[in-house]
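Which chain is which? They are A, B, C and D, in the order written, and residues in each are numbered from 1.
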């Protein structure tokens, strides 16, 4: 494989890696069944792209996009976090689709389905990340920061409460913890991280449109964190690498033209997924045991 | 007013197709407590089987319809054996992962075999009839009739027969059913067979009313999922009510709000309903389980 | 009925059972015997593994080692419904009725493997035993009171006419008066010829009714003997009978 | 559990290694390539696969024709088909794969204007020629010198519709459009031109891509009793709209955009539902080029040419001619494309490029008769024409 393609895929991996870690906090660690994650990613992408196009420096724009994604998560969290399990899943899925409908139909702001072209590359203090190589450095830095922050959260007393909520919310409530606040906090933080990923995406591809933020993306990230081992950030990153490499690597397998190679790639990917899940239903790196107080 | 009656009928037609898909979805949820995201893809396969029987094997419409239900029932049983049964005791998210993977596989397989072309049953003589102020085609009449017949049939099955009672028993408590001497694996196979057959009916009717595409399953999955959750998870009759509600709200709502927000309306109503009743219309509090783990 | 001649008519034999959930092991080598016609109780603190033991006998856990025999046949590793077919019945501790099924349907499910005529006859017998259930036969089990629910659970367990009925904490959460009635029923069931294996936290009552008893502690058998012996054992008294 | 995880890791490594082994024997760039590789990017899976797969068929047919005639100066052509999954990120992966690994100097695609727009900055940056078959968004003209489109821009269709309206003598009309880049583009140009010409719009009704139930939308249009409805849509949704409009008793003169003029539509919607519908065809079905193309397509695939297959065919043909003339380099192809297009006439019509590399198409008016799109016979004098509905019957 040529280096430029490898670099590109690595950039994609850093972006998806951040998404996987952020969703892992919400779903893996806390057990909040969030199917609307792609929406926060999209909010980050649009916020950042529009601000930078309006002349705001990228560094400020990315902070704003994280704040915006976090803020929307907060608003969405108010009514939804009372719901549990699959009810939360369907509501977050619905809100994700409504958000996408806003991207699509607020044409004066987002240009709707036409998409936003010509987004400038990210730059910090005059250093412009205008090639994939440079962007990879930026992506890795952001991924590392996200990773460290997520690990800090998971292995702090706060993180133990999150896992407690996942295992048995009533028990945590019985200990006098306001679980609603904890859930809100993790949703906001996770969504802000998704906003960061969105900003990175927008300024890398330099073009965004609503079709980049579909529910399938959330599903895709879901598959990653399940196979990585719920609540395990290292697993999430490793599986992101494996997934992207496998999904795009299948392009290089010489499949016969008459067999519809693109569909066959999807078929093979699906079968490999089933086999992998059956082999390691708890993920490649099962969660480390947590000692409860 | 006249137009409103027509909108209502349109909603009932849409609701009928959703309901057929939703009851199977709900039954599977009842038995295994996980969301079978492959359900819509199974409905799609059912639609294609009916299509192949009618247009390529020259089977008359009604036998083809029933044949597709039968064959799809077999497919459902097979999917459960291969992709879900090995994960019975794994975290629920593992089953969710394989369900998504199964839908990848089914969509891709149909695309490889049948091509990406849009297909149609080319039913001749399908003119619409005007009854008072409303217009309705034979297929649409069949949709309403079929969904009613199958709902009544399903009601009889679940309340009057030993199999039906066992299905409800398994949904109430799978280990208790086991120790009562019920071969739960057999019952779960039966659930998948019935659910998939009804999904096939839904897919085939949608296909006859409009057209077929290998990706048509996703929207069925989403609508049925919403219907099931709105009705209360695991409650079959709740799913039916939820399905008709969504169909009617979508169709009447578009009259007042631009149709680009059609899906958003459906989700909005869903979110509002769950805000008022966090466990669905007919759901019980204790059944609002967490699928994640 | 004394412990001495029990082994001649042993119907249930558990030998060095090691079991648990997934990788975590709850039972670390439990052995016990139940003879035909006995009431055998198992007492122990919360978390000792009592329910796990019953569930393991019924094939609902992951068994890592040991053998379970019923009437000489090895039943280890069989699926639960096959174990039921051998003549065992389990009344679990919680979720022991199907809440959305009616009382009558619950009993029908209890006798899932029984033919129609026998089924009607047995339902009738359960109704004779628990007249309250007859009154409420069309009501959903989820709407029953705690005591009625427990009666239904036991009735459901009796539908297969088991040779060995295993009860998991039948007195849990019931009013004292109803507890009394439940234990009375257990005695009657044994008198009707069914062997009973009873797991209880209410050790005083359970030991009083038992022919023989075991004490389970952290997945291991600590004490065993006749019900009376254990009632008088100072160590058992201190630990389980509140001094 | 541990050894299972290990087994999976090993399995994944093996698969990875296999994938790499397919890649490594990339031949060093020889002086004279054994085969001219051309890249192709479109949506080959997912909701819009029907369009990508159709373009793929048209391209395959062109490749057959070229190679059967001995290739380009004796060197055969090979097209490498990549899926963009209708996602900008995946499209870039596909692009980089084609450019970096397969070293193609020219890429065909994508079908969607948004994906083409997302690709074009990269194509300019990497100096790779991008020839889109059917992307028509007006914004594409700003892409740069390496971008070409063999279909006329959306901006041309709106004014053509106004001509139809004038010919039909209608002052009031309804518009239905699909809510995507293409639908909005055509709708906007028409609304502007029609209102400037003094026309009045009764309703401008959008509907969603991927839907299967447009009954309410149709009823809303029906409520305004429009004499003419202009509709811009794609095959999948349009055929449902026509079918449901007929079912709901909407009697009007439909006029469609170019996307709907495809043999699939009468077939999918049912003959009765589409009888008498007028439409714009990009290029012409009457030309000998189109007839020859249709026959070849029928022979190869056993069915009528699918939507846009003729444009995909022409795009590939033009690229082949450009390679022949300008050589197998991006700059050579880029320059030669302008020249070869001057005179080229294919099944989708003449393809002469303007300064932005966009073809200037012409439109043919067509109408559905007995389930087939046929040339619309204009009356000798527009003022005396009977209403279009009568003409159609």
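Some points to look at:
The working rule: a residue touches a chain if its C-beta (ideal position, glycine included) is under 8 Å from a C-beta of that chain, and two chains touch if they have at least 3 such contacts.
No experiment lies behind these values; they were computed from the predicted model shown.
Taking the mean of all protein C-alpha atoms as the reference point, the chain centroid lying nearest to it belongs to B.
Distance between Cα centroids is largest for the pairing of chain D with C.
Chain geometry summary: the mean Cα position of chain A and that of chain D are 33 Å apart. Chain centres here are Cα means. That of chain A falls 30 Å from that of chain B. Inter-chain spacing, taken between the CA centroids of chain B and chain C, is 41 Å. Chain centres here are Cα means. That of chain B falls 34 Å from that of chain D.
Those residues of chain B in touch with two or more other chains are numbered 107-108, 111, 115, 258, 260, 263. Annotation for chain A: residues 104-105, 260, 263, 266, 282 touch two or more other chains.
Multi-chain contact residues of chain C (touching two or more other chains) are absent. Chain-to-chain contact here is organised irregularly, matching neither a line nor a ring nor a star, and falling short of all pairs touching. Chain pairs that touch one another, listed by label: A-B, A-D, B-C, B-D. Across the complex, chain A meets chain B through its residues 27, 31-33, 79-80, 82-87, 89-91, 93-95, 97-98, 101, 104-105, 166-167, 215, 219, 222-223, 226-227, 230, 259-260, 263-264, 266-267, 269-271, 273-274, 277-278, 281-282.
Interface residues of chain D facing chain A in the complex, by the touch rule stated above, are 1, 4-5, 7-9, 12, 15-16, 18-20, 22-23, 26, 44-45, 49, 53, 60, 81-83, 86-89, 92-94, 96-97, 99-101, 113-114, 117-118, 121, 137, 139, 179-181, 184-185. If you check the complex, the residues on chain B that touch chain A are 29, 35, 37, 82-83, 86-87, 90-91, 93-94, 96-98, 100-105, 107-109, 111-112, 115, 222, 225-226, 229-230, 233, 258, 260-261, 263-264, 266-268, 270-271, 274-275, 278-280, 288-293. Contacts from chain B toward chain C in the complex involve residues 89, 162, 165-166, 168-169, 171-173, 175-185.
Those residues of chain C lying in contact with chain B across their complex are 22, 55, 58, 60, 79-81, 83-85, 89-90, 92, 95-101, 105, 108-113, 156, 159-160.
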